[in-house]
Every structure is written in C-alpha cells, then in structure tokens.
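Take a look at the structures below.
Two complexes come next, and they have one chain in common, chain A, joined by chain B in the first and chain C in the second.
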Partner chain A sequence: MSTYTIPVGPLHVALEEPMYFRVEVEGETIVGLELTAGHVHRGIEYLAMKRNIYQNLTLLERVCSLCSNNHPFTYCMALEKIAGIQIPERAEYLRVIADEIKRIASHLFNIAMLAHIIGFDSLFMHVMELREIVQDIKETIYGNRMDLAANCIGGVRYDLSEEKIKYLARQLDNLKKPLEEITRIYMNNKFVRARTEGVGILPKDEALRYGVVGPVARGSGINNDVRVKSPYAAYDKLKVNVQVETGCDVKARALVRLREIQEAINIIQHCLKEIPDGPTCIDYLPEIPAGEAVAKSEAPRGELIYYLRTNGSDIPERIKWRVPTYMNWEALKVMMPGNKVADIPLIINSIDPCISCTER
Partner chain B sequence: MSSFLKIALRNLFKSPTTDPYPFGETFVPEGLRGKAKYNAGACIACRMCEHVCAGGAIQIREVADKSGLEFILWHNTCTFCGLCEYYCPTKAIRLTEDYHTAHRQEDKYRYVEKGFIKYVNCAGCGTPMVPISPELLQRAYEHVNKEIEMLRHLCPKCRQKRALR
Partner chain C sequence: MVRNIQEEFTEKLTRALGAEFSLRWERNSKGVVTGWCRLHDHRHITTVALIVASLGGRVITITAYKTKDDQQRDSHEIAYHFDLDGCTCTVTIEVPGDSGKVNSITPILKSADWTERELQELYGIKVVGHPNPKRLFLDDTIDEGIMNDFIPLSIAMQGATSKTLWEKVLAATSQEGEVK
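On to the complex of A and B.
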C-alpha cells in the first residue's frame, strides 16, 4: 500500500483552533505525525512584562477563555508567595468555588465537542444546553459568562451572600440528574462507544514517559491531581476524590471528565457548607518585594505552572507559564498511529487542547 | 440509542431554552459587569483606576485652561473587568448592568464616559486643588463633625499648618 502525507490544519473544519498536523497515512491508517505550532502567537508574555501587577490580572485572564480563572489565580498565588501574604480563609474557599465552577463548564464543553465531532449533534446540543446552567451561575455570581475576574492580589473580588449561596446550591442540584443521564449515554450508547472505545490509545508507560497531565493522564491510570498532590487554596481542607480510569482511550478521558464534573459539584457543595465568615480580601494594597516564585494549580486541562520574578517595582520582571497542553499534544504522536484518518479530530479533541494557552 | 431518544423526545416538548432577545425579555442578573458609569462628585483624582486599567481605557488629565481635571473612559477599549470599580476608594466609578454597546461608526470617537473635576480654591491660601469628596471623608472618618468638614476646604499645606497649631 502506498503512503501519503496529508495536511490537517491550521484551519480545518473539525479543529476548533489553529494547529498544523502533517499526517502520514498508509491507506486509511495513520503511521506518522508531525506537529507544527505557533499560528496564534499573541505575545502576551512580553505584554505582561510591560504592565503592572494589577493590569496583569485582567491581561492574564484573557490568555485563554476556558481556563480563564486559573491564570490569574496561579499568578496571584505566585505574587502572594513572593510578598508573604496570607489570604483570609473565606477567600480560599471562594477561590476554590470559582475554580470548580470553571472546571464544570470547561469539561462540559469538551464533552459536548466530542459528540459534535462524532456527528451526534443532538447530544452535542443537549450537553451545551446543560452547560447553560453553569453559564447562568457564572453570570449571576461573577457578572460575566466567561471571564470571572474572581481573583485579586490577596484574596477574591466577590462575595457570596446567603441568597447567592442558595441560588448556587439550587442550580447545582439542577445539574446533577441530567449529568447522570449523559454520563450513562457516554458510557453505554452504541454510537458513542463505537467511535470512542479503543481509539487513541495512550498506554500508562507512554503517558509517564511523555509526562502528560490532567484528564489525559488520569484516563491512562495516572493519579497526578495537583489538588491532592500539592494542595493549594482550601483544597487541603476539602476531600477531593481523584477520578482515574484505566481505559487509556478517548472514552476513558471523556469519562474522567464526566466524573470530575460530578466531583466538582460535590466539592462546591462541601465548600458552601464549610465556608467560614470573615473578610474576602486583605484590606491594604500589598507591596511586592523583589523575589521569585513558582506556583501551580490544577486547571481543567491539568497542571498549570507559573514562574514569576519581580524586582521591587510593580511591573513583573519575568513571567513564564507552563501550560498543560505542552505535554499533552506531544503525546498525540503515540495516540495517533494505528488509527483511522476520520479519528484525527476526535483524538485531538480528547486531549482537550488549549492552543490559546499554549501559544499565548 | 433508546437512552438518548428519550431525552430527545423530552426536549421536543419543552419550551425553547434560548431567550427571544430582541423581541422579548432576556436574562440580566444583578451585578452583571456592563458599561462603566462615572461620578465626578465622588472622585478624588487618585488615579488608581487609570493605574489598574489593563486596556488603558481610562485617562485623567488636566484640561488646557488648567481649571480642573478631565476623566475619559473609552467604552470601546474597556474590557469590563471591573478592576477600576474594585480599587476605587470612593466608588466614584462603577459598572452598570447596561451591556448594550452597539453604536454607529460615526460615533466611534464620541462613545466615551466623561467627567470633569473642577479645581476649588483652598479656603486658607487660595491655591487651586482637587476638591475632597464627602465619600472620602466618610471613608476616613466614620462620623464627620463640623471640625472635620472644615478640613475639606483646605489644601494639604494648610491642613498641616492647622494640625500643628
């Protein structure tokens, strides 16, 4: 059989973001893969070094829309580490709530995209409709559907009144039953199973070798959740059950995400019960001394690491990210070969690539 | 397939989830971050809003005849992040729930929020200064008595003199 090289991307109907793949195929089977990145470079790293620490809160939130809470969150943690700020306990819980709400919305989006890519559009719309509940939560509590602007240096910028706590609890209850329903569909539905089972296999040893993070790693049986391994904010006071699947395929990753949504709902409910009274932010403008710090958090896609160096002025000297998609897309080289051409978008979607994070 | 068929049928008999927006009411929660509104009376020109504005949408500058300060916020540059509102000590700037930002192309450069802070003369020495807003006094002193109220009309130098007397 003859070998062909086909280009997929950078603009392709089934890919949501620009990424260029050179796929070598033999007949209909993929035998090789080459990745070329760098199509949406926005120079945010440079911009961040031109703006002061407050302006960066807003700028970094716009690095990516789906993990938009984790960027300022991790940035604030790095700053607080440099300045030695202890944030109020209530703020820690509120940060966790914001984080988990974003996680639910992000995972539901990826789950919906899976249905869309395999051509099950009615399921896609059903899941997106479910996600609308979470969008309404965000809009009501934070005032925006994507960029929450929840974090500030030394705490959070929002507070939950009794009324809002009730609203949040009610909306989460509304989410539960339909979520169980769609979890069953993703597990049992004949069409979903036919397209996702045994597709894009990433064995555990390869997953370890590539150092993948987030649901991709957990779909291959690796328990590497930052929330448990090195707790931040209020996670050390909360019980986080890490969802691990051993299927190593597209389906396993989808199930990890679905179960994590369930887990996130539990975490938020736990937070709402435990949340202490008190201030939500430090009551002075912090002074940031010269220093450097690394902070990390579990973004919806995996471990997000921030390196930050300051020089005493309020403009950072250096900001460096390591985003989850870096490791995950290298692992595509293992996932792709042996699969059919039609599965390319499906496998790419299964690592939940965040090109805007990765290329800034 | 039957599992999803049930959901699809159920959805078929439900009313639409989308809002019939231009023809009907839409969901606007309290606290939505919309267009910013500025209140020059409460502003003390500390320029914190200008400092934290990531988009550079806010400018505070002295007018040409040096009679006061002009506040300009470009709605087209604003990202609705609300940092200005958060860091404003007197809440002179706040975000409204008005999210309508459509406007004509010819109004592009007029689509701004403006305010003017007229300098007042110090009651002691007469030098022009930014007026001290009652909101700031409220924040600094819980109970504002006559004595404190008088300080409002003095420039920093005269205040210092008065305190040392």
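On to the complex of A and C.
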C-alpha cells in the first residue's frame, strides 16, 4: 500500500490553537508523525525579564487561560523561597482552594471536548453546562471567570467569608450527582467506549522514557503527582488520593481527569472545614534578595516548574518555566501510529494540549 | 528500608567524578528536598545524565542564561533540572566561551529533546549530537541567539504601549472634551 502525507493544522477545526502535524498514513492507518511548533510564540519569557517582579505577577497569569492560576502561584512560591517568606497558614489553604477550582473547570473542559470530537454533542453540552457551575463559583468568589488574580507575593488577594464558604460548599454539592452520571457515561456508554478504548496507547515504559507528566502519565500507570511527591501550600496537611489508571489509552486519560474532579471537590470541602483563621497575606511589600530557586506545582495538565534567578534588583535575571504540555507533545509520536486518521483530533485532545502555554 | 535517592545520586557522582563537582541538598519545612550541583567541567554533563538515567530520573527542563564570568566577560551558563523521584536536582555548567558548544544529553535522556532545541535557538549555544536539532519555535528568518540581544520593551510588545496607542487615547479624550 502506498504512503501519503496528510497535513493537519496549523489551523484545524478540532484544534483551538495552532499546531502543525505532518501525518504519514498508509491507507487510513497512521504510520508516522512530525510536529512543527512556534505559531503562537509570543516571547513572554523575554518580556518577563524586562519587567519588575511585581509586574510579572500580572503578566504570568496571562501565559495560559485554563491553568492561569498555577503560573502566578508557582512564581510566587519561587520568590518566597528566595526571600525566605513564610506565608500565613490561611493563605496556604486559600491557594489550594483556588487551584482546585481551576482544576475542576479545566478538566471538565477537556472532558467536554472529547465528547464533541467523537460527535456526541448532547454529552458535550451536558458537561459544559456542569462546568458553568464552576464558572459561576469563580465569578462569585474572584470576580472573574478565567483569570482569578488570587495570588500575591506572600499570600493571597482574596478571603472567604462565612457566607461565601456556605455558597461554595453548596455549589460543590450540586456538582456531585451530575458528575457521577457523566462518569458512568464515559465508562459504560458503548459509543464512547468504541471510540476511546485501545486508542492512542502510550505504554508505561514509553511514558517514563518521554518524561510525560500529569493525567497523561497517570493514565499510563505512573504516579508522579507533585501534590504528593513534593508537597507545597497546604497539601502536606491534606490527603490527596492520586488517581492512576493502567489502560494507557484515551479512555484511561479521560477517567483520570474525571476522578481528579471528584478528588478536587473532596479536597476543597476538606479545606473549607479545616481552614484556620488569620491573615491572608504578609503585611509588607517584600524585597527580594539575590538568589535562585525552583518551585513546582501540579497544574491541571501536570507538573509546572519555575526556575528563578534574582540579583537583588527588582528585575529578574532569569525566569524560566516549563509547562506540563511541553513534555507531552513528543509522546504523540508513540500514541499515533497504528490508529486511524479519524482518531487524530481525539488523540491530540487526550493530552489536553495547551499550545500558548507550550510556546509562551 | 526507604530508598534514599539523594544518597545514591551523591555516591554515584562521587565515584564517577571524584572532586570535580560541588553539591548541596536543601530540605524545606514541608520535607521537600532540592539539590544544587555545579560541575567544574561542562563535558561531565553526559556522565550526570547517565547517572540520572540509571536512577530512573528524567529531565524536567533546562535553563540557559546569560551571566558574567570571573573576568566580567559575557558568558552563558546552563542549569539542568533533573527529577529524581519527585526531588528536583539542578546541575549547572558553564558554556565554554570560545566554542559555545555543549554535548547533547537527549541520546541518553529523551526528555531533554525539546528543551535542548529551544535553548539552542534562543541563545545560539550549539548542542552537539542532538538527534533532531532543527528549529523548535523560531522561524528560520529569525537570527539564532535572540535572547542575547537587547530589544526595547515597546518593540518586544509589538507596539502595544507605543506612541501610537497614546495618540489614540489622547485623540479620544480630546474629542470627549469637545462634546462637553
């Protein structure tokens, strides 16, 4: 059978952001893949080294929309390490709450896209309707549907009143039953199973070799959740049950995300019960001495790392961050071969790609 | 007994390099251990990569940056951030100023692939032996080593806060004044 090359992207109906895939096919079967990135490279790393450390808080929240909270969060942790700042305990809990809310919304979006790609649009609408509850939570508590602006150096910029705690607990309860129903559909519905089982296989040894992170790794049986492996904020006081699946396929990755939503709800509810009283932020504008630090957090897509070098001035000498999706792209070269052309968008979606994040 | 990966790493590194490196481990209030290592000879990075691979570790990312050497000349350093079962160990080397070349560790650790390509195009550091050294993000028309150049912020932001923007703002406010 003769081999053909199909260009997918950079602009494609199933991709929200631009990425170019050069797919080699034999008949309808994929045999090879080449990736070309760089279509939304914005030079944010360069910009971040031209602004001062306080301005960067705002800039970094705009690297990505779905994991926007993790960027300023992790950046603040790196600064706090260099300056030796211990943030108030209440702020640690509030940081966890903000992060888990973002995780629920991000995972629901990816789960919804899966349904859309396989043509199950009623399910897509159903999941997006559920996500709207989380969007309402964000708007009510933080005043914004995407960028929460929750973090600042030395703590957080928001607080939860008794009234808001009650509201948040009630809204989380509203998520539970529909979430169970959706999880059942993703597990048992024969159309969903036919499209997701055994598709886009990433064996565990390959997942380790490529160094993939987040739900992509956990769908292949690797437990590398940063919240447990190297705890930060209040995660050392909270119990996080890491969700690991061994299916190694599109379905396993979707199930990891669905279960992580459930887990995130539990974590937030636990936080709401345990959250101590006290200040939410240090009461001075800190000066950052010269030094270097790394900080890591578990973003919705996996491990996010910040490496920061300062020289005592308020302009950072070097800020480098690596987003989770960055590690997951190359693994598509393992997932794709052997699958059908119709599965290309589905497999790409299963790594929950974030392109503006990758290219910065 | 719980395996202490930091001890294993230190032991293997000492056996391979003798006194050709400095290494310290930090433990924070949450019990998270972070390692900071500096190699005296940049060529030893492949040895470190082999040790990381033997311990089942991976590359989290690699940071290149501009700095000054002992004689206050511009130079580059590269910080390799390795993951050893959840513990981050940063290994730093100095890029030799005369050649600007370092050995690629991608043949040993696949997880270094993209990040080596990226630092090559952004800083113009040659990564020798990379299996796929082509451009990652930047177009071929853009010069290599763009991160070494000075670009004014207004141009870097593509004129988003340039004179043109302020002219528009001023024009709009003066029109408001006329209406009153």
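Here, the second predicted complex is superposed on the first by the 360 of 360 C-alpha atoms of A that agree within 3 Å, B and C clash if a C-alpha of one lies under 4 Å from a C-alpha of the other, contacts with A are read in each partner's own complex, and residues count from 1 in each chain.
The rule we apply is simple: contacts are C-beta pairs under 8 Å (C-beta built on N, C-alpha and C of every residue); 3 or more make two chains touch, one makes a residue touch a chain.
Just so you know, these numbers come straight off a predicted model, no measurement behind them.
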Looking at the overlay, what does A:Gly43 touch: chain B (first), chain C (second), both, or neither?
-> second
Based on the superposed arrangement, let me know which partner A:Asn189 touches: chain B (first), chain C (second), both, or neither?
-> first
Regarding the shared-chain residue A:Leu172, is it in contact with chain B (first), chain C (second), both, or neither?
-> neither
Considering only touches as defined above, state whether A:Cys152 meets chain B (first), chain C (second), both or neither.
-> first
Pick one for A:Val294: touches chain B only (first), chain C only (second), both, or neither.
-> second
Using the superposition on chain A described above, determine whether A:Arg209 touches chain B (first), chain C (second), both, or neither.
-> second
Given the touch rule stated above, what does A:Asp136 touch, chain B (first), chain C (second), both, or neither?
-> first
In chain A, both chain B and chain C touch residues 51
Chain A-facing residues of chain B, complex = 1, 3-4, 7-8, 11, 17, 27, 29-33, 51-55, 79-83, 86-87, 95
Within their complex, chain A touches chain C through residues 37-38, 41, 43, 45-47, 50-51, 81, 86, 208-211, 224, 226, 229-232, 236, 292, 294, 296, 303, 305, 307, 309, 317-318, 320, 322, 326-327, 329-330, 359
Residues on chain C engaged by chain A in the complex (per definition of touch) | 28-32, 34, 36, 56, 58-61, 63, 65, 67, 79, 81, 83, 85-88, 90, 109-111, 113-115, 135-139, 146-147, 151, 153, 156-157
Mind pulling up the chain A residues that touch chain B in the complex?
-> 51-52, 54-59, 61-62, 122-123, 126, 129, 132, 136, 139-144, 147, 149, 152, 157, 181, 184-185, 188-191
